[in-house]
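Report on the structure given below.
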Amino acid sequence: MSATEWGLEPFASDAGPEPDEPRLIVDVEGFEGPLDLLLALAREQKVDLAKISILALADQYLAFIEQARWLRLELAADYLVMAAWLAYLKSRLLLPEVPSGEGPSAADLANALALRLKRLAAIRVAAGRLFERAQLGRDVFARGAPEPIAEIKRPQWSATLYDLLTAYTRERQRHALARVRLTKRAVWSLAEARAALERLIGAASEWMAIDQFLIAYVVEPSMRATVFASSLAAMLEMAREGQIELNQHTAFTPIYVRKRAQAQAASP
Amino acid sequence: MASLAEIRMDIDEVADAALERRPEELRQLEALLFAASEPLDEKVLASRLAGGVDVRNLLRRLQSEYAARGVNLVRIGNKWTFRTANDLSWLLTREAIQPRKLSRAAMETLAIIAYHQPVTRAEIEEIRGVSAAKGTLDVLLETGWIRPRGRRKAPGRPLTYGTNEAFLSHFGLEKLSDLPGLDELQGAGLIEGSLPAGFSVPMPSDDPALREDEEPLEESDLDLGLVPQPAGRED
Amino acid sequence: MASLAEIRMDIDEVADAALERRPEELRQLEALLFAASEPLDEKVLASRLAGGVDVRNLLRRLQSEYAARGVNLVRIGNKWTFRTANDLSWLLTREAIQPRKLSRAAMETLAIIAYHQPVTRAEIEEIRGVSAAKGTLDVLLETGWIRPRGRRKAPGRPLTYGTNEAFLSHFGLEKLSDLPGLDELQGAGLIEGSLPAGFSVPMPSDDPALREDEEPLEESDLDLGLVPQPAGRED
């Protein structure tokens, strides 16, 4: 059998007969497995895959493998398994079929192989067409300078009406209480007033307007009333005890006060 | 004679027809400018197109074609690039919502503004008994719930603050006077214990009409960004 | 009566008039799609536009507006993106990044996965008639075009592979059924045969929903890095 019959020109060197060298160089490396090899052989039959002669194809494949082995080429197990299977198929195809009813007929097996070959051939065509398509980054392009979506961090403030009201009442109450405490401190007790008056009046033997003394203690105008009230009460008490004398010309005019001297017994 | 109706083509068909008559170079410029990772200058563009083409002229035409679109052809120095239209920049931002809680001071200040408006910063400080950090008012302005509403007719002409509609809507109030008064606050147990005589809670009002002791904000207040822009407030 | 000459407007003026009548949403879609670095989902686009807008319809309109331009609006799965026109690839060779050259085996394997998905490694090997698919699968996983999608309910529970959106995007396919020559392959009965008996499925499908003969990937599959992380897949 010649190389031409095998249809292996693409893989054969026709550089002229060199007796010392094998005429045929089997480029088994160029095939991607036994199906690929079978397809290459089938292509050389130059017939439609639908009309392929599986028997002829098996013959060609087996002859190819024989040749490769003769050339001591190492063949991957896949090729040898296919060779064994094709040898079996060939024997089945050559023998008269005994209708056993069990297992696929030789024709079925041949058809299955033909279908596999067709499927591989078809997917190769499909792969070719897929990669012929315009590919992104090679043939078609996305925007070269995409504009980034800026992320704006927008704070979403959360507060409930309850938060608002508790804040308000907390604030107002705190302030109200603070004021009360301040007032407490500002309130003159009677005892405080009396102690202060005793100290003040102790130095005065002349009539004096009490307001002038007391104002010195008044830090803020709001304390005027409490200071005045407490001191008036204390003065009345001291007057009753006979320690001081009080003098007021008419209602709402300043009250004058002086120490009651032992010698000065007369009341105004 | 053809009637007007017969003559009148669908305006879009005419537009399509115009597109079909476009010089091929415009398509090429479109593709080049779109795919480029940076603006391209006229020389580079010219070198990529067939010779003898008036690139400047084509670019001007492309620019006017895109002027009304969401993408514009803009010239930067001597270079050209497609950019999304300026007025659509808001589309290209994603708002990441960041939930935040108001500080206690901010909450109290807000409450005082709500009840006592119109109120100046000094008045807030007087009520709170502490000097308000300027940051607190800034934060409140950022919430979009308060607004400077005028200036007090007083020395220094301080800004007066009040709440706005966003405030009502956030707190689910129909009107500001729905804020509870003293009795209701006490009834709700929010105010407990005895209160000093004269303690009162004002009847709040956010009537936008200026009070007698207020005068309107000026242009310069708006410029200073003291007043949120109407659009921003809508957000 | 107006003469034809009077009636005939400058065709470009009419085109401009058409542009001015464009819905604002078209401008917004243009801007969003131009700005994005990745195809955008219809849902995402709808969420960025005013409510109640028929986004699909607007996108179709935008697509036809750009069909004759140097930049086209293309649909990939449920996403949309602008791409330079197919016929202008010659112009853009300078922009082209040298794509990694896939071996013939890898290209074939990719085609098998695309046309026969979901498909196991054993099935790929059966179609190719060789038992060396592992290396090619690695290469293909690295391209980001294929993904393990589940496990076949069969002895050994082998992984099933399918293509993803990046595959559609790279090859400019709107949907998987747009694969070239798919009809012929199906007509010739060359798709079904690879599946085990009883699981004849007429169409390749990248529908993420698992088939009857598939079960979901497990945690451990994810750990092996076989599966891109969901987050990564979205990007």
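Here the chain labels run A, B and C in written order, and each chain numbers its own residues starting at 1.
The working rule: a contact is a pair of C-beta atoms (placed from the backbone, for glycine too) under 8 Å apart; a residue touches a chain by one contact, two chains touch by 3 or more.
Just so it is clear, the structure is predicted and the values come from calculations on it, not from any experiment.
Undergrad: By Cα centroids, which chain is closest to the centre of the whole protein?
TA: A
Undergrad: Let me check something: if the centre of a chain is the mean of its CA atoms, which chain is farthest from chain B?
TA: That would be chain C.
Undergrad: Using mean CA coordinates as chain centres, what's the gap between chain A and chain C in Å?
TA: Those two chain centres are 26 Å apart.
Undergrad: Between chain B and chain C, what is the separation of their C-alpha centroids in Å?
TA: Between these chains, centre-to-centre, one finds 39 Å.
Undergrad: Where the centres are mean C-alpha positions, what is the separation of chain A from chain B, in Å?
TA: Taking the mean C-alpha position of each chain, the two centres sit 27 Å apart.
Undergrad: What residues in chain B touch two or more of the other chains?
TA: 31, 34-36, 82, 84, 92
Undergrad: Multi-chain contacts in chain A: which residues touch at least two other chains?
TA: Each of 141-144, 147-149 in chain A touches at least two other chains.
Undergrad: Mind pulling up the chain A residues that touch chain C in the complex?
TA: 32-36, 38, 78, 82, 115-116, 118-120, 122-127, 129-144, 146-149
Undergrad: Can you name the residues of chain B that touch chain A in the complex?
TA: Residues in contact with chain A: 31, 34-38, 81-84, 92-102, 104, 107-108, 110-112, 114-115, 127-129, 142-143, 145, 170-173, 179-180, 185, 188, 190-193, 195-196, 199, 201, 235.
Undergrad: In the complex of these two chains, what residues of chain A are touching chain B?
TA: 141-145, 147-161, 163-176, 178-180, 183
Undergrad: Using the touch definition up top, name the residues of chain B that touch chain C in the complex.
TA: Chain B residues touching chain C: 1-2, 4, 7, 11-12, 14-22, 26-32, 34-36, 48, 68-71, 82, 84-85, 88, 91-92.
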